[in-house]
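Naming follows writing order (A, B and C), and every chain is counted from residue 1.
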Amino acid sequence: MQQKTHQLSISTQGRKLYDITPQVIDWAKHSGLRTGLITLFIQHTSASLLINENYDRDVLVDLEAFFNRLVPDGDPLFIHTVEGPDDMPAHVRTALTQTHLSIPLVDGKAALGHWQGVFLYEHRHVASSRRVILHLIGE
Amino acid sequence: MQQKTHQLSISTQGRKLYDITPQVIDWAKHSGLRTGLITLFIQHTSASLLINENYDRDVLVDLEAFFNRLVPDGDPLFIHTVEGPDDMPAHVRTALTQTHLSIPLVDGKAALGHWQGVFLYEHRHVASSRRVILHLIGE
Amino acid sequence: MQQKTHQLSISTQGRKLYDITPQVIDWAKHSGLRTGLITLFIQHTSASLLINENYDRDVLVDLEAFFNRLVPDGDPLFIHTVEGPDDMPAHVRTALTQTHLSIPLVDGKAALGHWQGVFLYEHRHVASSRRVILHLIGE
């Protein structure tokens, strides 16, 4: 049994879903392991992780439209507004999605379904640099 | 340290929470391992996984009522409607719940609490066949 | 490769986010392992787990304000009201947040980001005792 770790640094330019599927797939493939468990962990509280459809890009547009309506910027409900009207909505969106994801490694590959992509969801409007820790245990 | 993997194929007949607790518990029990980590991963983007109460079935009715009100079918907000009015809502519901679950294995058993059940949440109205990968690492 | 397990018992006094970061960090640090995967699993369906900002406590106030508006107590939508008006909302809030969290162990430490804290989110108003299973695999 072995472990591998890696860190992704993702430059984000505003609120959007960023497809990191290729990085995850490539890293898993080159790990040399055949069976195991891959875990992604994002070290932030205003950006999150998500697995969703990566074929029709309209899905990403609609996901953002939904979260934008559910957690509107500048909502007078919020008192934590230090970094602007998108500050607290970013924390809520993070709470409603994922800070970590685990994906089995099967036959040397991340066992994603045919339509599944792995996304970093940036919730702030400002450009940022986001760190995602990758961990793999297996053999 | 050892690993075990398995695949569940679940036939779904429309939008509903399907209790897969027995399959998970049985597989863990027959793994022969005593301590470890069980991970479930669903290979779809319009069905998801969820742990919730499995005693009073009214909880499942109410969960569905809540998600149906929060993410209504045919919402004019959505542009991705290729497969019908429940297509994009299924992706949003998946984003709001889980694509994977991890449960510790303790004393040879999945360490679920007394009232916890493991559910596959089918978000589409059409019948479907859903794949869940099970992974266990431990000893 | 080794495994460590532990159980936290958290006394809650009503609906609130309880910071359990110190317990998680300390347990990981004293495990003697350097690289691995930490998993937390809560054995309840009306309390959940969450990673979010642990610096400005207003974030916790706003998170609760958001969930309170999204899933109001006593909502006439719900039929499962056995334990009172906060019973079913607690299950929905659990569904929208997390029953488990995984965090990589890097250089002997839980790899939390600078602003990240680990919280137990109690969704019931009554005092309760909550169990969280900790699992660590690594070396």
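The criterion applied here is as follows: a contact is a pair of C-beta atoms (placed from the backbone, for glycine too) under 8 Å apart; a residue touches a chain by one contact, two chains touch by 3 or more.
All figures in this text were calculated on a predicted structure; none of them were measured in a lab.
Participant: Using just the Cα atoms, superpose chain B onto chain C and tell me the rotation angle to the nearest 5°.
Facilitator: Chain B sits rotated relative to chain C by 120 degrees.
Participant: At the chain A/chain C interface, shared numbers over all numbers used: above half (same) or below half (different)?
Facilitator: Under half shared, hence different.
Participant: Quick check: how many Å separate the C-alpha centres of chain A and chain C?
Facilitator: 20
Participant: For chain B, what residues touch not just one other chain but two or more?
Facilitator: In chain B, residues 1, 37, 70, 96, 98, 102, 137 touch at least two other chains, as defined above.
Participant: Can you name the residues of chain B that touch chain C in the complex?
Facilitator: Its residues touching chain C are 1, 35-37, 50-53, 56, 58-59, 61-63, 65-66, 69-70, 96-98, 101-104, 106, 111-116, 137-139.
Participant: Tell me, which parts of chain A touch chain C in their complex?
Facilitator: 1, 3, 5, 37, 39, 41-45, 70-71, 77-80, 82, 88, 91-92, 94-96, 98-100, 102, 131, 133, 135, 137
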